[in-house]
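These are the structures in question, set out in turn.
Common to both upcoming complexes is subunit A, partnered first by subunit B, then by subunit C.
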Partner chain A sequence: MSPRPGFVLEVDRSTPPTLFWHGERFTLERLPEGSRVIYAPEPLAPLEDPVAAIRHALTHPLGDSSPLPDLLRPGMKLTICFDDVSLPLPPMQAPDARQLVIEQVLDMAAGAGVDDVVLVAALALHRRMTEAELRHALGDRVYDAFAPHGLLTQHDAEDPDNLIFLGQTAHGEDVEINKRAATSDLLVYVNINLVAMDGGHKSVATGLASYRSLRHHHNPATMRHSRSFMDAPASELHSANWRMGRLIAESGVRVFQIETTLNTDTFPSNFAFLQRREWEWSLRDRATYAAASAALDRTPARVARQIFHAIRSPHALRSVHAGEVEAVHAATTADVWEQQGVVVEGQTDILTMGLPYICPYNVNSIMNPILVACLGLGYFFNLYRGKPLVRQGGVLILHHPTPWEFHPGHHPSYIDFFEQVLSQTTDPGVMSEQYEQSFATDPWYVHLYRTGHAYHGVHPFYMWYWCAHALEHLGRVIIVGGDPRAVRRMGFSPASTMADALEMAADVVGPSPTLTHLHTPPIMMADVQ
Partner chain B sequence: VRRPAFPLSAPTWPGGVPRPAPERRVGLDYDHSWSRRYPVRLARAVVLDNVTRPAARLVAPTTVRGLEHLALAEAPVIFAANHASHLDTPLLLTTLPVGLRHRTVVAAASDYFFDKTWKAVLWSFALSAIPIERTKVNRRSADVAAELLEDGWSLVIFPEGGRSPDGWAQPFRGGAAYLARRTGRPVVPVYIHGTRPVLGKSAGAAATGPGGRPLGGSGSEARGRRGIHRSPVTVVFGHPITPDEGEDARRFSARVETAVAVLADEVATDWWTARRRVAEGTTPSARGPEGSAWRRSWALAPPPSAEAGPPEPGLSERTWPKL
Partner chain C sequence: VRSLVFERNVARFAAARVASALGSGAGAGVGPLRLTETEAPDLPGGDWRRVMPVLSGICGSDLATLDGRSSRYFEEIVSFPFVPGHEIVGHLESGERVVIEPVLGCAARGIVPPCAACAEGRTGDCQQLAFGHLRPGLQTGFCADTGGGWSAAGLVAHESQIHAVPESMSDADAVTVEPTACAVHAVLSAGVRDGETVAVLGAGTLGLLSIAALAHLAATGRAEAPGSILAGARYEHQRRWAAELGATDALDPDQLPRAVRRRSRSLALGRPDTGAQRLTGGADVVLDCVGSSASIGQSLAMTRPGGRIVLVGMPGRVHVDLAPLWHRGVSLVGTYAYGVERVAGAAEPVRTFDLALEVAGALSTGRLVSATYPLERFEEAVAHAGSAGRRGAVKVAFDLRDAARPPRKERHP
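Coming up: the complex of A and B.
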C-alpha cells in the first residue's frame, strides 16, 4: 500500500483518546468532540540504492555547478563541512546520511589526488560533538582517517585565528565565517534537511559563522518577522542568511552544496505505535503502550532519559541533491514539503501539542525549561506555511513535565539565564538589549564553549528569541503537567490536567473554542489555507 | 461488566474516517490446507469417532437408510443434502462409512464459518471444512473444491446455501451440479430428517421467516426454542446420479433437488409410495406449499417417529401458529 498523506481528523464520539507526548513519557487524552487532530504523512519510500543516488547527485549537479569530480584536482584545498549533532532527530540508525555522502565525496577526492582535506563540524554556537557522536555521524572509517591527524575539526566561533571577515551585506550585516572553509578552493557542505528550514545559504552563513555574524539574524526583530521559519520567502531569518550567503559567494568562496532529505520513519518498530493513528493500534501497539507507560511511570527521569536518548531512528534517505546552493535548496525544500506537508483548513482558537523528550539542543542531554519553550513556541508553533495554526490571541497548550533541571556541562549559561534574566523579564527585546551582550562575551562561557561541550553563552537568548513570534502572537501559553515554578518563571500558566488547561484557555478565547492538536512527532508541516 | 478503556481494549474507529478493507486472511482466503495433513487428519479422526459421533448419537438417535447405495459409486463423490440444522454436518459425516468419513471435506459458508480466525481453525479441524461463497458462484471456491475432488476427497455440500428458515427446503443452487459436471464425479442425494427440532435455526435467526415451527416438532413449544433437544433423526442416502450427456448444470441441479425430494417423500411415506409418486410425477416438492408464511408453517407435518410409524397422508397433526 502506498504511503498515506497527512490527515486532519475531526474528533467524534467514537474517536479513541489521542496520544500526547509528555517528555520522556506519553499519555492519552480525550479531546473534545469537534476538535481536529493533524496526523503526519506516512513515510515515503526510501531511495533503493542510496550510494548510487549520492554518486548520481554528485556527478549530475543542479544549477550553475560542475560535477564534483570536475572540481577536484591535486594540490587543491578542500574543506568538507557537515551538520552537527542537532540533526537529525532522533539520531538516525547507522549509517548516518552524512557518513554515506562524505564517504562518496572522499572517494572522489582520493581519486582526484586531493591531499589537503579537512572536515569541519558546522557547530555555529552549539556544543562540540563528542567522539562517539562524531563517529556515529561520520562512521569509523572517516573518523579514524581524519581525527588522529587533526583533520577532523569542529567550528570554533570564538577562535579569532580561524575566523575571517568577508564584509557587510547591503543591510549592514557582518559576515564572518570559518577561515579554513572560506579560504579553501572548494567548500563542500553536507546537510541533513530534516525540516524545510534547514539548508540553503543558512548552512554556511549560520553553521560556520561567529557571534558577530549571527547576531544580525538571531535577534528578536528578525525572529518576529519570520513567519514562518519553514517558509523561506516569508522568513526574515532566511532573507538575512540569503544576503549573507550571496556575499560569501561573491567573496570567492566556492560552495558545493549537498542536501539530503529523510522520510518520516521516526521510531523503531518497538515504538511503532508512536507514529500510528490511535484507531489503527494493533493489539501489540496497545500492549506496548500499556507496558511502556507503566514502566516509565516507575522509572527515574534520569534512567528514562537514557532509554529514550538511546533510540536510533530508522529514518531513511529519501532524496539527495548537490550543486549550486539555491538550486539545490529549492529541490530539497520541495522534497521536504512532499514528505511532511499537510493541508489544514483555517486556524484554531487553541492549539495543543505533546512535546517529546528531544529537541535539536538536548541530544544526549536534559530538556530544560528554556528548551521546552523553544521546542513548543519556536519549533512546533512554526511548523506552518501561510498562517499560524492558532489564531492571533489564541492559546497554546503544551504537554511536558518541564522540570527545573539543567545539564551543567551542556547548558551552563542556561542556568544563569533562567535565574537571572527570566526572573526579571520574559520580553525578548528587553533581554536582548540589557543582558545579551554580557552573556555572549562572558569569558567563562566562552571557555566552556571552546574547550568543553557547552553551548555558547548567548545560546539561551537565541532559544528565547525563537519564541518571539509565538510570544507576540499568542494570548496565553499553558503547560500541562509542568513544574509550576519553572512554568511560571517563563511567564506561562501551569495546569494539572488537560481539562484544567481547557478551562483556563476558555478564559482567553471564550467558551466553545475550536481546538487543534498537532500529532507530532513524526514531523509534519501544516499548510494552513 | 464495563468495557475496559483504550488502550486496554481495542480502539473505536472515528466516524469520519473510512474503514479500509481489512486484509483478508479469513473467509475465502483462509488457507485450510493444514487441515488435510496426516497428523491433523489423525487427530480429527480420533475426535470425530470418539467425541463427535457419540455426542451426535446421544442428542439425535439416528436411523440410517440407503448406505448400500454408496457401494454403487466409486469415491470420491459429492453428497448433496438438505439443510435444516448445524447438526446436519456432524451427523452426516459420522454416518458415513469409515473409509469415506475420514476423507471427506465439507463445503461451509465462508461468511459464517470462516469470518473469524478462531472459527476457521475450529471448523477446518473439526469437520475438515473448506470455505465456499454461498451467495454467488465463485471461481476460486469452485476451483478449490474441484481440486480436492480430483485429489480423492469426497465433498459434502448443502445446495440450499444455508439452513432452512422455516422448515421447508429452499431452492437448490447449482454448485454441486457444476462440480459434478466439471469433475465427472457422481452426486449422492441425501435427505436428513428431524434435525431441526434437535437444533433448529434460532427464533432470532429465523426472524424473517414465519417463526419456524420445527419440521416435525412436537408442537408450538418447539418454536423458537434455543439449545439442543433430543429427538430422533433419519438420514437417507439416495442412488448416486451423474449428469447425462449434454445435461447442463442447471437441469442436473433440478434433478438432484428432485432426488432429495423423493427421499423426503420416502421418509414421510414409504419407499413404495414414494416410487409410485415418482412414476406418477406427483412427488411433493420439498419446498412446501406456495402461500403466506403462516400457511407454510401450518402445512408442516410432524415427523414420523419410530414408535408411531409414519402418519397417514392427510391426517398429519396441525398446530396453530403462535401469532
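Coming up: the complex of A and C.
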C-alpha cells in the first residue's frame, strides 16, 4: 500500500481523543466538535540503495557544476563542512546521513589523490558537538581518521585567525565566514534538510558565519518579514542568505552542495503510536500508550529526559542531490514539500500544538522556557506556506510543562537572558537595541562558546527573534500545563487544562471559535490555501 | 502606662534563642521582652526633652536582640532593663513633631570635652558609649536611662538628638528617617564613583533604603552616579520596590552574581554547572545588607580586585574564607549609624539625618511601612517583622497614637 498523504480530520462525536505531546510526556485531549486535526503524510519510501544514490548524485550534479570527481585533484585544499547536532530531530539511527555522504566524498577524494582534507562542523553560533555526537554523525571510521590529527574541526565564530571577511552585499550586509572553508579550492557542504528552511545558501552563509555576518539576518525585522521561514521566496531570512551566498560565490569560493532529505518515519517501533492516527490505533498502540503514560507519570523529569533523548529515529534517506547550490536546493525543497506538505483550507481562530521534548537547540539537553517559545512560536507556527494557520489576532495554545530549568553548561547566556532581559522586556526590538550587543560580545560567553559546549551569548536573542513574527501576529499565547511563573515571564498565559485554555482563548477570539490542531511531530508543513 | 521592657534574664534569653530557631521573631513571647507598666524616665539634665512616640519601627538589630542572636560584643554598651525602639517619630511636650537620632554620644552623655569623633560630629563613632552621666547604651532603645520608642510612657532625648519633622512629611515617612540615615551613611561610606557597578545584597528595609539613597544622592548631585545598581532580593515585592526606588536590575540573590558578572564583563572560575563560581572581576562596590556568613561570602565572590564591600546589615559571629579578601585586595568596610557627611555641593559637613529627612521626604519612604501594631500585640508585631519578606512586608512598626487610651480588645485575624 502506498503511503497516504497528509490529512485534515474534522472532529466529530465519534473521533477519539487527540494525542498531544507534553514535553517528555504526552496526553490525550478531546477537542471540540468541528475542530480540525492536521496529520502529517505517511513516510515516503526510502532510497533502496542510499550509497548508490549518493554516488549517483555526486557524479551527476545539478546546475552549473562538474561532477565531484572532476573537481578533485592532487595537491588541492578540500574542506568538507557538515550540519551540526541540531539536525536531524530526533537524531537518526546509525548510519547518519552525513556519514553516508562524507564517506563517499572522502572515497572520491582519496581516489583523486587529495590529501589536504579538513572536516568542519558548521556550528554557526551553536554549541560545539561532543565526541560522542561527532562519532554518531560521522561514524567511527571518519572520526578516527581525522580527529586525532586535528583535521576534524568545529567552526569557531569567535576565532579571528580563522575568519575571513569577503565583503558586503548590495544591502550592506557583511559577509564573514570560516577562513579554511573559504580559502579552500573546494568547499563541500553536506546538508540534512529536515525542513524546507534548511540548506541552500543558508548552509554556508549561516553555518560558517560569524556574529558580524549573522546579525544582518538574525534580527527582529528580518524575522518579522519571513513569512514563513519554510517558504524561501517569502522569507527575508532566505533573501539575505541568498544575497550573501551569491557574494560568497562571486568571491571565488567554490561550493559543492550536497543536500539530503529524510522521510517522516520519526519514532522507533516501541513509540509507533506517536505517528499513527488515533482512530487507527491498534490494541497494542493503546496498551503502549497507556503503559508509557503511566510509567512516565512516575518517572522523574531528569530520567524521562534521558529516556527520550536516547531515542534514535528510524528516519530514512529519501533523496540526495548535489551540485550547484541553488539548483540543488530547488530539487531538495520540492522533495521536502512532497514528503511533508499538507493542503489546509483557510485559517483558524485557535491553533493548538503539543510540543515535544526536543528542538534543534536542546539535543541531549534541557528544553528551557526560551526554547519552548522558540519551538512553538518560531518553528511550529512557521510550518506554513501562504498564510499562517492561525488568523491575525488569533490564539496559539501550546502544551508543554515549560519548566524554569536551564542547562548551565549548554545555555549559560539563556539563564541571564531569562532573568535579566525577559524580566524587563519581551519586545524583540527593544531587547535587540538595549541588550543584544552586550550579550554578543560578553567575554565569558565567548569563552564558554569557544572552549566548552555553550551556545553563543547572543543565541537566546535569536531564539526570541524567531518568535517575532508570531508575537506580532497572535492575539494571545497560552501554555497548558506550564510552570506559571516561567510562562508569565515570557508574556504568555498559563492554563492548567485545555478546557481552561479554550475558555481563555474565547476572551480573545470570541465564542464558538474555529480550532485547528497541528498533530506534529512527525513534521509536516501546511500549505494554507 | 504600658511599655515593652527588655530585661536581663538568662533563662528567657535561652528560651528566645531556642524559639528563634523556628524563625526570626518567633521568640518574642518567651524571651526577655515583657509588656509592663512603667513610668516615663527622668530627664537626665536641662538640655533633655520628653518625647511621646507616635510610631516606632522594629529594626533588624531589635530582632537579633529579641532572638538572642546579637553579638556578645554589645554586652558592655547596653544597660538593662531597657525599652527598645530607636526608630522613632514622636512629639515633644511643645507639640512639635520630631524624629530622634538615637546614638548616645558625648553630648548626650555630658562628656566635655567630647571624644575626637563626636567633636567632628561623627557621633556613630563615639568612643565613650559606656561613660558619662548615662548608663551604657550605644543608642536610645538600648540604654536603661533614656527609655525607647516602644513605650506609651515616652522617652527622653538630648537636644542634640532631636530633629524637627517638616509638616508636609507623614508619620510613616518620618519613622523611616533613622534607617534611611543608616543607608545614607552606608552609601556615602562606600565612596561610589561615576559609572561604577554597585551590587546591593538583601532588600529588607536597609537594602531598599540604600538603593533609594544611592539613586537620590546621585540624582541630586550630592554623590557620584553609579553606572548600575544591581539588587539581590529574595521576594517578588522586594524586587518591585528595589526597581521602583532606583535599582537598574532587581533579581533573586542567587542570580545576583550572574548579573554582576555580566555587567562587569567578568570571566568566572569554577564549573558553570556547579553553581559555585566566583568572578574574576566583579562589582566595584557591594553593599551587604544582610550581614551573614553566606552574604559576606557571596559579596567576596562578586567584588572586583580592589573593590569595596560595605557591611550595612549588622553582622554577628560569622565564618568566612578571607583568602579572596587578601588575594584580591578587597576592602571590607563596616558602617554603623550616622553623624555627618561630606557631600558634593556643600562646603561644610552635612548631618546625616538632614540628608535622610530629605531622602525620606523626596521618595516617600513611608511607603515601606507595611503594617503597624499596638504595643499589646507585640508578639504578632515582632513575628511579622521577623518574617516580613515572606509575608510581603518591609517595615513593621508600633503605632502608639492610641496608646494613652486604655487598651481595647483586638480582634485577631
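Here is the rule we use: the second predicted complex is superposed on the first by the 529 of 529 C-alpha atoms of A that agree within 3 Å, B and C clash if a C-alpha of one lies under 4 Å from a C-alpha of the other, contacts with A are read in each partner's own complex, and residues count from 1 in each chain.
Assume a residue touches a chain if its C-beta (ideal position, glycine included) is under 8 Å from a C-beta of that chain, and two chains touch if they have at least 3 such contacts.
Values in this document were obtained by computation on a predicted structure and should not be read as measured data.
**Student:** Looking at the overlay on subunit A, is there a clash between subunit B and subunit C, or do the two fit?
**Tutor:** After superposition on subunit A, which the two structures share, subunit B sits beside subunit C with no clash.
**Student:** Identify the partner contact of A:Ser14: answer first if only subunit B is touched, second if only subunit C is, both if each is, neither if none is.
**Tutor:** After superposing on A, A:Ser14 lies in contact with subunit B but is clear of subunit C.
**Student:** For A:His56, select first, second, both or neither according to whether it touches subunit B, subunit C, the two together, or no partner.
**Tutor:** Once the two structures are laid over each other on A, A:His56 reaches no partner at all.
**Student:** Just to be sure I read the superposition right, which of the two partners does A:Arg254 touch: subunit B = first, subunit C = second, or both, or neither?
**Tutor:** neither
**Student:** Just subunit B (first), just subunit C (second), both, or neither: which does A:Arg302 touch?
**Tutor:** In the superposition, A:Arg302 touches no partner, neither subunit B nor subunit C.
**Student:** Which of the two partners, first being subunit B and second being subunit C, lies in contact with A:Glu419: first, second, both, or neither?
**Tutor:** After superposition on chain A, A:Glu419 lies in contact with subunit C alone.
**Student:** For A:Arg488, is the partner it touches subunit B (first), subunit C (second), both, or none of the two (neither)?
**Tutor:** A:Arg488 sits against neither subunit B nor subunit C.
**Student:** Between subunit B (first) and subunit C (second), which does A:Arg141 come into contact with in this model arrangement: first, second, both, or neither?
**Tutor:** neither
**Student:** With the two structures laid over each other on chain A, which partner does A:Glu280 touch: subunit B (first), subunit C (second), both, or neither?
**Tutor:** A:Glu280: touches subunit B, not subunit C.
**Student:** Determine how wide the angle is at the CA centre of subunit A between the CA centres of subunit C and subunit B, giving a multiple of 10 degrees.
**Tutor:** The angle comes out at 120 degrees.
**Student:** Would you give the minimum C-alpha distance from subunit B to subunit C, in Å, for the three-chain superposition?
**Tutor:** Superposed on chain A, the two chains' closest C-alpha atoms are separated by 41 Å.
**Student:** Hey, what residues of subunit A end up touching subunit B and subunit C alike?
**Tutor:** Overlap of subunit B and subunit C footprints on subunit A: empty.
**Student:** Could you pull out which subunit B residues touch subunit A in their complex?
**Tutor:** Checking each residue of subunit B against subunit A gives 5-8, 10-17.
**Student:** Which residues of subunit A touch subunit B once you look at their complex with the stated criterion?
**Tutor:** Contact set of subunit A toward subunit B: 9-17, 28, 278-281, 283, 285-286, 289-290.
**Student:** For the complex, which residues does subunit A have touching subunit C?
**Tutor:** 407-409, 412, 415-416, 419-420, 423-424, 438-439, 442-444, 447-448, 452, 454
**Student:** Which bits of subunit C are touching subunit A when the two form their complex?
**Tutor:** So the residues of subunit C in touch with subunit A come to 249, 251-252, 255, 258-259, 261-262, 265-268, 271-273, 275.
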